[in-house]
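The next block holds one structure in the form of structure tokens; read it before the comments.
Letters A, B and C mark the chains in the order given here, with residues in each chain numbered from 1 onward.
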Amino acid sequence: MQVALESNAVFLGIEYLAILCWGLSGGLAAIQKGYDIFSIMLCGWLTALGGGLFRDVMLGDLPPVGITDKGFVLTTLFSGAIAVVAHPEIRQLKWTMIVVDALGLGLFAVNGTAKALAFGTSGMTAIFLGMFTALAGGLIRDIFLGDVPMIIRDRHLYAIPSFVGCILTVLAWRGSEHGLFDMRSEMVLDILIVVVVVLIRVLSVAFNVTMPGAVPRTHVYLP
Amino acid sequence: MQVALESNAVFLGIEYLAILCWGLSGGLAAIQKGYDIFSIMLCGWLTALGGGLFRDVMLGDLPPVGITDKGFVLTTLFSGAIAVVAHPEIRQLKWTMIVVDALGLGLFAVNGTAKALAFGTSGMTAIFLGMFTALAGGLIRDIFLGDVPMIIRDRHLYAIPSFVGCILTVLAWRGSEHGLFDMRSEMVLDILIVVVVVLIRVLSVAFNVTMPGAVPRTHVYLP
Amino acid sequence: MQVALESNAVFLGIEYLAILCWGLSGGLAAIQKGYDIFSIMLCGWLTALGGGLFRDVMLGDLPPVGITDKGFVLTTLFSGAIAVVAHPEIRQLKWTMIVVDALGLGLFAVNGTAKALAFGTSGMTAIFLGMFTALAGGLIRDIFLGDVPMIIRDRHLYAIPSFVGCILTVLAWRGSEHGLFDMRSEMVLDILIVVVVVLIRVLSVAFNVTMPGAVPRTHVYLP
């Protein structure tokens, strides 16, 4: 599956698109706080590649891809530069950004999980690492900008779709290990998983579906 | 000693208890801020296993135990689920929580130091790694929730007892290397170290013992 | 170059001076917030050695030098102790601190980049790791103390001089690989790079040179 993800031009294209979009949203977050160009670039890079950085540190695949892959790094710098100029337009395209951000969420979840499985981790560890890849970049950016991370603050579904995507990726991988699918079917399955993640995320925002908090109780039952 | 810690049912039981309790206290912190179930689970997991995660990254023992050990992860999820329902009761049992939290502090300090020594680090490095194990989880949780970490903000003794526990663990390890104790004595010593840590911590809260800050001075002596 | 940096008494002296100074400035930050002695020591250590810790984790050189080198660790504890007593004087010596801090910035940038290159990374990865070494310590300290990191908040040049220093170090290294300089010239070049970094930083503060932010625009061009 890792092979499928890496060798395919479609997937590589979507990955660059995801990095570009997350770079834009990271840069925009820094612009809205009024920070300078260096901080804008830093936040774009962190948002797009920070999750993979975290995953690679946990896997021991060092130095991490977020500081070694020239194509990825240049893409984040390029998206930071776009954000510096085109921030009023990006802000306006709210729904486009939500959809492309969700695309990145799905793709990084599938990609992170598949990379972990290719390194021989258990399914649970792969799910953790897939979620780190999808969630850690935005989380670290929010902490840098002095906010409580969006995935903690916002009750819309964001971690849940990435979780679903990671579980489905593990299942698809296990199925292919047992010879249930050939390589072509795996790729189709991967794309379907990304679509599922995007759908859950976008529908959650569109219909304002939120996660419940703790059970609200006031009476204390203690001896 | 690592062997002693791992192979012994009593220690394993206390370790699960510590993880359960730290998972509860982490979940409670997220509940008090009004966050959703995912954030509650995340904070429970981070508080209980984030310190060990940090230690394993520093040691290069990857992927870290906090994302590979199914028993530990399930325990944190279980404690998060308890917190979601039983938060009013947990809040009420303040002193029980302080004692069990101190138990976790002592046990993670001993456990982290012993693991580092078993990896062949120097005594100083092992003390650092023991303190990381004991302190990093709560620290990262506080940053995620937008607070200045409790170990920085609170002047009650919290880091100091873990520091004492780490030093004593190194001394006990060195003693056993030189043939001063057999394996049974080591285990007794380990338990005694945990008791010492718990006592320092609990007495500090009970009698309001605090650490001093910088020397208060107003006059500046400069040429 | 790494060899040049390590084997030379002058460089080693400057490195200890940089660690001492960053330890002082980290301790001072904790004192100004009114925290206790443990937090002062922690912040001093983090500021001085946190950047190198981060670099070593990324390089996979574990356990990192920040928890294994006794001389470095004792120096940070010593500088924390000085800050506890002499904080009114240190605060007064504002310009001395800015210059010595800039000295640390330049030296850690050169040192971090050279270490990465000695580990066989590409130039881009080495620049990232040099900047991590120079910037990550202060960044983590600011997050611990609940501030938006200074390098994000402050528009004076701070990341830029470290970036310039890292690029120049890579160029000097490449030149020496191609036999353009001998070892003595490398050392002189290294010192010149540090001087350039210090000059950019200090002049930026003195003449209030700041980085621009995003292009200010109000009209949105969208179909």
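Note that in this section a residue touches a chain if its C-beta (ideal position, glycine included) is under 8 Å from a C-beta of that chain, and two chains touch if they have at least 3 such contacts.
What you see is a predicted model, and the numbers here were worked out from it, not measured in a lab.
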{"item": "Category of the chain touch graph - line, ring, star, complete, other", "value": "complete"}
{"item": "Same or different contact residues where subunit B meets its copy subunit A, judged by the half mark", "value": "different"}
{"item": "Intercentroid distance (Cα basis), subunit B paired with subunit A, Å", "value": "31"}
{"item": "Touching two or more other chains - residue numbers and ranges from subunit C", "value": "57, 60, 143"}
{"item": "Touch list for subunit B against partner subunit A, complex", "value": "30-31, 33-40, 42-43, 53, 57, 60, 62-64, 67-68, 70, 73, 83-85, 87-89, 91-93, 143-146"}
{"item": "Touching residues on subunit C, where the partner in the complex is subunit A", "value": "57-60, 116, 121-122, 124-125, 128-129, 139, 143, 147-149, 151-153, 155, 159-160, 210-215, 217-222"}
